Amino acid sequence: MFRWIVLRDLTLAWKGRVDVLSTLFFFLIAVSLFPLGIGPETNLLRLVAPGVVWVAALLASMLALGRLFANDYQDGTLEQLLLTPQPLYLVVLGKVLALWLVSGVPLALLSPVLGIQFGLSGKALLVMAVSLLLGTPVLALVGSIGAALTLGLRGGGLLISILVLPLYVPVLIFGAAAVDASMVGSGVQGSLSLLGALLALSLVFAPWATAAALRISLE
Amino acid sequence: MGGYAFYVWGSYLVTLLLMGGEVLLLLRRGKLLRYQRPGIQTPRE
Amino acid sequence: MLEATDLGCVRGDRRLFSDVNFRLSPGSLFQVQGPNGSGKTSLLRLICGLLAPAEGHIRWQGANICSLGEDYFTSLSYIGHRNGLKEELTPTENLRVTSGLAGSQLSQQEASSILGKTGLSGREHLPARLLSEGQRRRTALARLLTCRTPLWVLDEVLTSLDSSAIRLVRSLIEEHLNRGGIAVIATHHELDLSTDSFQRLDLAL
Amino acid sequence: MARINWYKYASPTNFYPFAEKMIPWFAFPAAVLFIVGLYVGFFVAPSDFQQGDAYRIIFIHVPAAWMGMLLYVLMAIYAAIGWAFNARLSSMMASAISITGAMFTFLSLVTGSLWGKPTWGTWWVWDARLTSTLILLFLYIGFISLQASIDDPRRADRAGAVLAIVGVINVPIIYFSVQWWNTLHQGATIRLLGKPTMAPPMLAAMLIMLAACWLYSIAVVLVRLRYIIIEREQNAARAAEVSV
């Protein structure tokens, strides 16, 4: 049953691929704007690169959250999802997995290309991709709580960012620190393992909180 | 005060403003409520 | 066997209704009537477990639906005001997804044969957004045929349906009741179905 | 599960007169303690050999920071109880606490930066605790704006509860990550909030101020709680008129 929800969301994402691409383009444009603001001087850009790429990835995945439940809420399918015989925790996990596959993974795969703009070396690019691969699911999981809480509210998009950004801080810190450490040459395991710990924690708690928030919003 | 008077008094002024402001806003909210109050009659009134 | 004891519902700060009691044995039809905003939809959502009651309990086969959780949903089909269809997917895809989620996978042919029964033959492969409101309602109704659930909860199911569709719905419900299923329907149309146990609840009182 | 009926007595309407009587008992002692605390802080406590008299700001900065954190945890507990046991009063309490907590957190930030200026020459210092307090302020703003944007009070209470619980789980993680981030980038910077050698009168002044802040918070929260109860009663009455 789990694969049905993932399959459904992936086909929907494929059919509405304009939104998916817009998330990627936002990431692309946001990152490429920074050198214009900071100046072309490479070693300064190299210093700033981890933070810039990670903040852009964070904002892009937050933009993608808007679509997670909103369409289903409008056309009544969300009610049906609440009434499926399988636990709501799994349905939420399925939807978040589909969202991550569509928005998080492309971000991570795209990041090395952008890293080159900032003059990052091979190892740093690899670590950036890995840290994004580890971090974006946490962003999607924690973000899904915000998306579920603000269902059907006016000003939903902005409200999600206020609710969710403070919760993104640890992911941003550990993610950017991982890339930073790889550039400086010091150990990368520390921050990557902390990212992994955050992923494990949010995998357990976030879907439960999102399920509860969905039940509250759909009352 | 060793030349820090501005900062010390400044921070206590901010404290007064914030706490006082919160209380004043609260009382104003209470006054607003007094006018359209169908049910609840506090013992004093 | 669905049973509700002194059920009460509060939406926001407004009390909609209180101490509603009913007991539905298999094969019985329960029609809920009342002016708009009298809580018909809320009562149906209470029965589905989408809404927590302010007071009272609802029991299915003797067990409280809160404790039943997901297994209660295996025996429930709910059609609300909104059709619950994805606009981009075709009716067959919609049907296969909902049946897949409910645990009984349907092949392409089975789905289009069911859709044929509800009068959508020939339009199964059009994206749902191209269909008329009535046709979308029929696709939603097709969901009732996919999984044999004993309890049907239908909210204003006859709106925007043409006469042939209304006849179709009547036959579906009759068939369902003869099979020993229970149907809870909120509607203003006269259903005048020949059924042994028929209860009506008017929320206007 | 059987509804625990002894929560009925915690219904807002009969808590209302109780709150009414309690407020003066907290408000006046708070004012008195403030005056005593300020007096001890300014006249009895010696000036610090290192920072001269700039350190006197800690008498309001540290209590405000503690209050900000404690009130967030208290808010989360009330919200969780209100959600779990469907106790409207407890959820109202959470909403009442949220604004005072945000005020204290903001106050601690402002006084922190006012203190940073003389000791470090800059208004904002990315010290671990100041940064964490800033994020705590964002958590408060998130809670308040979520509750403000939901009209149905029941949903607002419960949605706020979910956010508060998720927030409370995240507060230690945020504090740890900011601490980790701070030591990573700047090494062991001077700890802005390191306790100066605490002469007894200094500690006494700080504790008195903390007690004063506590009493102040209880009084303000109870007053706001009364107003929330009235507002909800009015909405219910108005909604009843509309529907009948």
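Order of writing sets the chain letters: A, B, C and D. Residues in each chain are counted from 1.
Operating definition for what follows: contacts are C-beta pairs under 8 Å (C-beta built on N, C-alpha and C of every residue); 3 or more make two chains touch, one makes a residue touch a chain.
Since the structure is predicted, the reported quantities are computational estimates derived from the model, not experimental observations.
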Far-end chain from subunit A, centres as C-alpha averages: B
Higher-contact pair (C-beta pairs counted), C-D versus A-C: A-C
CA centroid of subunit C to CA centroid of subunit D, Å: 47
Where subunit A and subunit B are represented by their mean Cα positions, the distance between them in whole Å: 42
For subunit A paired with subunit C, centre-to-centre distance based on mean C-alpha positions, whole Å: 37
Euclidean distance of C-alpha centroids - subunit A vs subunit D, Å: 31
Residues of subunit B touching at least two other chains: none
Shared-contact residues (touching 2 or more other chains) in subunit C: none
Residue numbers of subunit D (touch at least two other chains): 154
Listing of all chain pairs that touch each other, if any do: A-C, A-D, B-D, C-D
Residues of subunit D touching subunit A in the complex: 135, 138-139, 141-142, 145-146, 149-150, 154-155, 158-159, 162-163, 165-167, 169-170, 173-174, 176-178, 180-181, 184
Touching residues (chain side subunit D, partner subunit C) in the complex: 1, 3, 151-154, 232, 235-236, 239-240, 243
For the subunit A and subunit C complex, residues of the former touching the latter: 1, 4-5, 7-8, 11-12, 15-16, 71, 74-77, 79-87, 91, 215, 218-219
Subunit A partner contacts - residues on subunit C that touch it in the complex: 45, 48-52, 69-71, 73-74, 76, 78, 80-89, 93, 97-98, 100-103
Of subunit C, residues touching subunit D in the complex: 10-15, 37, 55, 66-67
